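What follows is a set of structures for review.
Here subunit A shows up in two complexes: once beside subunit B, once beside subunit C.
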Partner chain A sequence: MAQFFQKGANNIARITMIMGVVVAGLAFFAYTQFSRSSYITGQYVELQQPVQFSHRHHVGDDGIDCRYCHTTVETTASAGMPPTQTCMNCHSEIWADSPYLEPVRASFRENKPIEWERVHDLPEYAYFNHSIHVAKGVGCSTCHGEIDNMAAVSQENTLQMEWCLSCHREPEKFIRPKSEIYNMQWQDNDITAEERLKLKEDYRIRSRDMLTSCSICHR
Partner chain B sequence: MSRNRIQTHGHGDAEMRAVLSPYHGVTVSRRRASHWLLIAVICVMAAGCGVRFDMEDQPRYETYQKSDGIFSDGRASRTPPDGTVARGHLNEDKAFYTGKIDNPDLNAQVESTTDASGNTLVTSFPNAIDEFPLPVTRELIDRGEERYNIYCIVCHGPVGAGDGMIVRRGFSQPPTYHDDRLRNAPVGHFFDVITNGWGRMNGYAASIPAADRWAIVAYIRTLQVSQNPDQALKMNTNTQANTQASPAVEEKPAANTNTSGGATQ
Partner chain C sequence: MQDLKEIQTKIYPPMVEGDHTFGTVSDKIGDLALKKRTPFLWYVGFGISFLVLQLLMMSVTTLVAKGIGIWGNNQPVGWAFDIINFVWWIGIGHAGTLISAILLLLNQKWRTSINRFAEAMTLFAVACAAMFPLLHTGRPWLAAYWLFPIPNSMGIWPQFRSPLIWDVFAVSTYATISLLFWYVGLIPDFATLRDRAKNKFFKFIYAVLSWGWRGSARHWHRYEIAYLLLAGISTPLVLSVHSIVSFDFAVSQLPGWHATIFPPYFVAGAIFAGFAMVLILCIPLRVWFNMKDMITNTHLVYMGKVMLATGLIVVYGYAMEAYFAWYSASLYEWFMMKNRMFGGPYWWSYWLLIICNGASIQLLWFKRFRESPFWLFIISIVVSIGMWLERFVIIVTSLNRDFLPSSWAMYSPTVWDWSMFIGTIGLFFTLLFLFVRFLPIISIFEVRTLLPDANVHGHHQDFEENVVQVEETYDRTDPPNN
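Take a look at the complex of A and B:
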């Protein structure tokens, strides 16, 4: 009776085992990359908004402070979307006839909100509060990027948990002085690591254990 | 089931296996079957759950989220009915919250002129209070500077000359702070204009809390002094409480013991 297994069967078995591990590893790697891709996270994806509002123009060119529109960023969880009246503070006269601004005028006339597309949409099991981050030295651009260069705002970061934790583990790498919170050009190395450590003490930022505790964000 | 329980009790595994050996094969094959069943169930559940986002989008409204057909205007956040007073917002202190005297004469005649760019300029201020209803401190003025540079600088310019960026982009030029009319205007007038607007300027009551509006008024006075340092300007006669913490943090300074109105809490 002939041998059921040929000589090469050993090699086939070995290759199969190795390939099994390799394929599984590759599949896992592909999964990690896919789950971090902008297809999943929405990073860098520009959305079609009802009004072609440009932060590059309003912040970059005109130098309007973030808080002129996002008035509650220092006091509440939400940074605050401006009411249409805030737009009309200037656009009652400037570009008052522009067809681009008709949705704004219609909103003002009819007392109906402009329906913006939400760019930063956290999952609802994650708690986030703007005011505490601003109060503890996290600048706008640390999370939102150089908004003053964005004609259409897109998400600068993944908003995934690993991204949140990267700062909650080591806030001293990202914080800045109070006076620079709204400075869009600020770079993390504009001050030395020692200065940032001192800032961390001055702000009385809590310990790493506290900041990475589950219930800090999942409450 | 009972077999499983016996096995997990396990005092002396080998001994137990020996005892159960006639049934051993049966146990294993049943367990295998149950494993496959478990895997199948997990697969079905995973398929059911995999495409659901119940936790990501919970059945509640996020801030600014659209309400689906519940309210006619589509807003999930509601405007309080007219006349509603939220707890802690009775705003009894008229001087602090309106910048006006206790019993303002609503029919008082206001004198006004019209300047070259068509702005109506009031020259008499019959109802405006003339003293700050809170202590003017360094912290208040610093806070005012910060707030001014957010909300006012866009039109009124860095020193209040009326040459802000929005004016340069074509908005009507506001009058300068640095003439006798506004140098002599009572502080309540500035507060009233910030609160309710004037001419082409919208009111900023929705954006700026009352304490911050007073801080801005203090900073406007500071700017007036800075541009005309020889003239003494009336800042505040109430200086006994200058060591208080910055009042701008709260809507109403906690230890405001001065003249006007009652406590608002």
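Take a look at the complex of A and C:
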């Protein structure tokens, strides 16, 4: 019986097998990259806000403390978005006629809150509380980056679960003295590892097992 | 002389009846796949199966759109039809592996004419089974990293200490090995079909599938090694897969599940259910395809005996479950067992199970029933129902009476529970009908090895003479056609 395929078909078979492995490997690599890309996570993506508010100017240049606007960061789950009245504390006096601030004045006149675009959007199934993180020595810039240098705020981190866990598994690498919580220039190695371990004890941060248990975040 | 021959055929009944030669075997089996005209009854059977398959498609679509709330399971009966059906299907697959691997290693000639479609049955049953764990997550597109340890952006793995993840590995290994085993066994037959096919398209397909098989001595040498290796790998799977499925239950602390008897009792149950399904399929098949000379009555009797043996092990399992519940002196265990057998709302399912799996197989002690294809068929159907009930009893009666009486609740399946289960039966038979139409349902080359032509001693061509010759030359215990 004559062979159905020419001898060259052997090469096709071999190439198919090799390419199968190569393509599968490439596809897997693409998957790992894509699933962590800003397209998926929104990291570094700047959003168009209703007012061109600059954290760089207010925090960096003017030196306003985070808590002046985000008033509930030490006491509740949400850090709190300031009401328009907070803006008007100053802007009824300075830059009071600036066309940039017209949406703020409109909001104040009509008593309608400004609808900011949410930058850090955690899924509903993840429970997050600002106050406990602040109370245990996690500074703003650890998660939010150098806000004082951001004209438009964007997500500094992926907010993916592996990112949360990277700290929950070893919080002693990221904590700082409570006096430095709102210090935007703080670096993790400004104090030694031993000092951080000591802080972990002082704050009574719970064990790794406790911090990584499912129901800590998924309640 | 005549007596000797009779004794000989009695001890070693021929596994291929009639006057077959190498050529007629190839003709007979090969033509089933190659013939131009598809029999009308095939269209009827395939059509019905395909319609039922649409029921599955509809159920899955609704499930994905609406979520698993369309099913009847809810606390405390968190597992119900999804897991019952999974275990039922996966159990059915086991006969295929047992026939192809263990009986091969044990040199049982009678496996030869049933192994091909038993293996196909295994694959199709595993396909049906695998749908349930995938779909019971409610979001099958996410199930990939829920079930498999795929690196992901969550920074976690599935729980390796849970039998559920062992189950994923067991079943996926099982599916892979079964597929390879089936495919490797098919290669020489694909080559036969390639050489015989007239239609260019089918010739091409069979040529691709046969990987350039020429049947040279080197090919056969490698083939035999590969086949034996795969049989060796499959053999532990027969025991391990259903053991691990039983761990899904036995590792938990629930009364009615937490029993050491579970692994062996599940394995025996799987083989029991599998042989029942093989009988259900091959009894009509051998009639419709006129294959009684290759799937002989002897085959059916042997399978009946395996069913009786494994069935008795299963019945022993039921007895031990009840005994353990009493002997454990655990209040909860004993309450569960009493609730399952007498007081509880599902008591009828337990006794129906005992009738289906325990009482019905006692008929197989009698030659009259064992040797009647009709009765074997009926008993097999009853056993298949019984094995489904077994999982129902284990899962539902254990769960519906929680530790806290305030949590007690009844379970009843919804329309979607039933439609999905019936739908998988449609999938199973759709695949099976495609298989019997386009592939050789019996291993052509292996059946050839059973023919007297394949065992020529000296110049004797005639089988009967050959037997006598062997009889005179060798020890009685030597099988004549070996």
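The rule we apply is simple: the second predicted complex is superposed on the first by the 206 of 219 C-alpha atoms of A that agree within 3 Å, B and C clash if a C-alpha of one lies under 4 Å from a C-alpha of the other, contacts with A are read in each partner's own complex, and residues count from 1 in each chain.
Everything that follows uses one rule, which is that a residue touches a chain if its C-beta (ideal position, glycine included) is under 8 Å from a C-beta of that chain, and two chains touch if they have at least 3 such contacts.
Just so you know, these numbers come straight off a predicted model, no measurement behind them.
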| item | value |
| --- | --- |
| Subunit B versus subunit C as contact partner of A:Ile94, first or second or both or neither | first |
| Which superposed partner A:Leu165 touches (first subunit B, second subunit C, both, neither) | second |
| Partner chain(s) touched by A:Asn111 [first = subunit B, second = subunit C, both, neither] | first |
| Partner chain in contact with A:Tyr125 - subunit B first, subunit C second, else both or neither | first |
| Partner chain(s) touched by A:Lys198 [first = subunit B, second = subunit C, both, neither] | neither |
| A:Ile64 touches, of subunit B and subunit C: first, second, both or neither? | first |
| Contacts of A:Gln85 with subunit B and subunit C, given as first, second, both or neither | first |
| More subunit A residues in contact [subunit B versus subunit C] | B |
| Complex contacts: residues of subunit B adjacent to subunit A | 55-58, 60, 62-64, 66, 73-75, 149-151, 154, 165-166, 169-172, 200-202, 206-208 |
| Partner subunit A, residues of subunit C touching it in the complex | 151-156, 194-195, 203-204, 207, 211-212, 214 |
| Contact footprint of subunit B on subunit A as seen in their complex | 62-65, 67-68, 71, 77-78, 81, 83, 85-86, 88-90, 92-94, 111-113, 115, 118, 123-125 |
| Parts of subunit A lying in touch with subunit C, wherever the complex brings them together | 1, 3-5, 9-10, 13, 32, 35-36, 158, 160-166 |
